[in-house]
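Next come two complexes built around chain A: one with chain B, the other with chain C.
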Partner chain A sequence: MRGPVIRLSLAFVILLVAVPLAIVLVASVSGGERLTFPPESLSLNPYRALVGNDEIRAALGRSLIVGFQVVALSLIAGVPAAIALVRFRFRFRFGLGIYMILGVATPLIASAFAFLALFTQMGALGALWPISVGITIVNLPFLMFSVASSLFSLDPRLEEAAATLGAEGVQTFLFVTLPGIMPGILSGTLMVFVLGISEFVISLLLFTINIQTLPIAMFASMRGPPPPEVAAAAGLYVLAAVLVVITLTSLKSTEQFFYRAD
Partner chain B sequence: MTAQPRPVPEASAQPAIFRLSGVVKSYGPHNAIDHVDLEIRPRELFTLLGPSGSGKSTILRAIAGLIGIDGGSLTIEGRDVRNVPTHQRNIGMVFQSLALFPHMSVFDNIAFPLRMRREPQGDIARRVAQSLDIVRLPKIAERRVHELSGGQQQRVALARALVYNPKLLLLDEPLGALDKRLREEMQLEIVRLHREIDVTIINVTHDQVEAMVLSDRVGVMSDGKLMQVGSGEVLYRRPANRFVADFLGRANVVDGTLRIDGAGPAVITPGGARIAVTPERQIPDGRRATAILRAEDIEMAVPGDSGSPGLGGEVTLRLFEGEAVYYEIAVPGIGRPLRVASRTGEIPNGAKVRLTWPRDKVWAVAEDSDG
Partner chain C sequence: MAETYTGLRWRLIDGLIAAGRVLRPGRIAKAQPYLLLLPAVLLVSFLAVGLLWLGWLSIHAYDTFLMQAGKISAEQYALLFEPPSGPFYQQTLLRTLALSLTVTAGAVLLGLPVAYVIIRTPSRALRVALLVLLLVPFLMGEIVRTFAWYLILANRGAVGWVASLFGIEDGGLLGTPIGVFVGMMQVSTPLATLLIMPAMRRIDPNLERAAATLGASPARIWANVIVPLSWPGIVAAIIVVLLLNIAEYDMPAILGLGRLPFVANVIGDIYRLQQNLYLGSAFSLLLLVVSTLLVVVPGLLFLGWLRFRRARRAAA
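Now for the complex of A and B:
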């Protein structure tokens, strides 16, 4: 940490990251009837307003449901796929890896358009699950990469040792492989959960008025002067993000602790 | 050509517990295991010795069933196990990385094979405790693997591989990564375990001292082939070919032509130097042959007069090694300097010396026995 240039640029980065977080957190505890920044006084009024606003509360519930659906779909599809990509040698393995990245790299609005066309055709619009499916498809690689990197750092000799000790394939997977990649599964799960509850673009194209998720409801209510409950909802998102980052970093260090390469 | 195995006399009457015949494993055009025949006797401690990439670990992995073989047969107690999956072979194996399960306690690691065999709960607790006693590590069952020292982890890995009483224990260089002191301690531990329990051990190492100290018999491998099988002493004193001679200890291997004349058999180098030898079996006169001369068998003296016997040369290198002094002596007619280990080391660098040796300490092999 020598040199004034490095110190200055670091301070600048810290500030940049802090600005949105600080504004959201401070606004979410503002005291006035209307949101102003900086607030004149502090209170928990925005959170009380959030609890009192049925529409926002229902949207929050829907976003949580979407989050859990995305997690379930991602785990079912992503964990076996990640294991196959890392452990098995098959044709187009490398191509398939690149193809998976495409899901993340495609602009969301393009994917969202495709989902809109597809689900309209199927007559599925108006339900929550198409939103969950769409979000899962674009975010699946995050879970897969997380699981794959866990699997890469898992000593393959552990599975061989299990076999010499008398474990069949299924037992080896359940008692050795799965616990070994659990840190990767957990961090991937957290990531797709947060992406699921906060997703905006796909939800915007696929929602109907009865199934607004929280980001859509916030967006809708911000066309006029922003009501305090929106600040509270944003505050919840920031708190969720902080929780996830703390969990992820501690998971990462646990993982390195147990499975450091020799 | 593979040398004739030279059996250890006292064990030779027993039938083999484990047999490889004509085993081949190829990766593309390369044979990682090249027609290997090997018999292991019950309760034997056998070591596969060779440089890295010689195929010794590949053989071990084939025995364990972790890789398939492309030819030949593999029998354990008379049963062909070629199509038996690893988990049904009932073999104990200790890996170089040890492969202890990091998310389990010591107890759970050692209990793992018993649980896989669906042993009753009470038996498991008793047998885990017993096997921790055998490796002399009582009272650590509840610890996590990462809380143990390197030596303790080694012992836990041994306990886990032995707790279900496998007939065959495979050691895939588990001592390779240890420092010298710990390695020697674990070598003694393995010898002690082998004496105390009824188990046949196949050990893999690139450390020739470990191989000779531990083993009843040693098999030397090079390039997928089993070069020679025998006791450490036989391999050291009577190597079957150049490779074995060169790999074990510090030998001088001198190529030339075998001549048998009035003064007895000798290898004559292209440069005209004459080395009196005791040749392997029957090498005919005039055949290309290699004389094998151990560094510690050569006597070195400063010549009193030019009529002294032996080869004349000049000291080009003198290295103090502690228990011995290592010399290199340039000898006219021999391409590479001869390596000599002297206990006294009183002769200085640059001195003119004469080298002598007892003829029966110098072995010769025909050149095409290199394999």
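Now for the complex of A and C:
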């Protein structure tokens, strides 16, 4: 474990992952008209520019709406589906489980093009909801895995005990199952939310000029030298991701999810 | 106030219980898992129907001048495979596959040791810190990762600055395959690590100790113990990372300066510049088929190999 090859790879991967994060955060507090490295001075100007730029601010608002729509759709579809697949034995269980991961098994650009073709046919382009539906479908498995891993670690005997003590099915669900899987629901929700606000390829094919989401607006402004407000937006995304990840790890369900310490 | 709230809450729960009693009897109970799955199945059907619709569009002729669809024909696939346009599309597909496979290989090779450190370290702090660091790139979004690497690789970026400290004046790494490769590695390596971990965790540390006691070098322990026992995780990592990279858009567009387009970029242009849903459908489906073959064929070979090995061991 202390071999030089392992140490070297670890150091390299840490650099590979951490340097871009640091660069974005530094750029987001840099002074000066243009983004350069190292920055000419430090200031909160990029964030002020972000607030002052109506177009970027509107795009941020749209991305947040998409994020909330994605969360709502994922919860309605994902939580019951995860419960069904983990707690019940029924015909077509395997096939339906595979069907649920269709969104991650298809290359993203193909899924995005399928949404484009379908929603064009339906005449639904130009609204935000098709974007949210598309994003939900390709990220649904993340919420389902998260809920399912909570369900696996919840002893089914607790539910049986509640039933033996005379609790109705509804009562058992509300007071035993639901609190038991809450960490999984919460971490899955956070995950699909940040994936929703930062999604790019589906939005790229489904957006029309009046409904640019923030990643699309950022992409458009990166054709030339990127203006400071883009750095501020990127900084916000990094902060959101860091916050969410720290919450996930403190929930312990993530550690369980990837590293089941039994 | 609090009392009315609790009262209301219990009345709501009583109502739910009553509803449950009415709905519970036999036939509904049997349908319960299907009812629970219904919203998700309906939602995913947008994608399933969309993919079928792609198939239907892709087998139609399309007049790009009049912007009119024609009869059923193999015209779109001919455009993809036959000159004059065919070689460009094939070259794009090959470039996408070559770079994706390289990134996947790199990510798995780097992911193995990192996963090993996370699994075997006695320090919980190091483990959590590494997990946090590995999850952030995945959640910060493609465009932000691309922006970060743009700042690093651009002409007056961080790499250029470090190089200038050593007296090297270069034009930055934008527009080179190296730039695109590094950018894609930032999310691929953490993902590969996270997917290898569960399989690696099941390896009994005593196996390594036993191998070491018997005189095996660290390299030999890796080749004969750790890697073979991590196969399920490695296979999962290869599949997921490959699928992710094959659809990459931002890195080739921004870091590659559009000089090294991937399939996704070309599909995007076919729609945005030519407004041609028909050709785009055909190319999307071609990518779907190729990626499925890339995943399924080695997967089947791997399963067959496992079964063969088990049978041979049972015979011995």
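Quick note on the criterion: the second predicted complex is superposed on the first by the 251 of 262 C-alpha atoms of A that agree within 3 Å, B and C clash if a C-alpha of one lies under 4 Å from a C-alpha of the other, contacts with A are read in each partner's own complex, and residues count from 1 in each chain.
Throughout what follows, a residue touches a chain if its C-beta (ideal position, glycine included) is under 8 Å from a C-beta of that chain, and two chains touch if they have at least 3 such contacts.
Bear in mind that the values here come from a model prediction, so they are computed numbers and not experimental data.
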item	value
When chain B and chain C are modelled together on chain A, clash or fit	fit
Partner chain in contact with A:Met218 - chain B first, chain C second, else both or neither	second
Residues of chain A touched, compared between chain B and chain C (which is higher)	C
Angle at chain A between chain B and chain C, C-alpha centres, nearest 10 degrees	90
Which of chain B and chain C A:Ser111 touches, first, second, both or neither	second
Partner chain(s) touched by A:Pro179 [first = chain B, second = chain C, both, neither]	first
Chain B versus chain C as contact partner of A:Glu160, first or second or both or neither	first
Partner chain(s) touched by A:Glu168 [first = chain B, second = chain C, both, neither]	both
Chain B versus chain C as contact partner of A:Ala241, first or second or both or neither	second
Least Cα gap, in Å, left between chain B and chain C after the two complexes are fitted on chain A	9
Footprint overlap on chain A, comparing chain B with chain C	168, 171, 258-259
Chain B-touching residues of chain A, taken from the complex the two chains share	155, 157-158, 160-168, 171, 175-176, 179-180, 182, 257-259, 262
Partner chain A, residues of chain C touching it in the complex	13, 16-17, 19-21, 24, 32-34, 36-37, 39-44, 46-51, 53-54, 57, 110, 113-114, 116-121, 127-128, 130-137, 139-152, 156-158, 160-161, 182, 185-186, 189-190, 193-194, 197-198, 201, 218, 240, 243-244, 246-247, 249-250, 253-254, 263-264, 267-268, 271, 277, 280-281, 284-285, 287-288, 291
In the complex, chain B residues that touch chain A	64-66, 85-93, 95-97, 99, 101-103, 112-113, 116-117, 146, 160-161, 164, 170, 177
Touching residues on chain A, where the partner in the complex is chain C	1, 3, 5-6, 9-10, 12-14, 16-21, 23-24, 27, 35-38, 73, 76-78, 80-81, 83-85, 88, 90, 93, 96, 99-100, 102-111, 113-118, 120-121, 133-134, 136-138, 140, 144, 168-171, 174, 191, 194-195, 197-201, 204-205, 215, 218-219, 222, 226, 230-231, 234, 237-238, 240-242, 244-246, 248-249, 254-255, 258-260
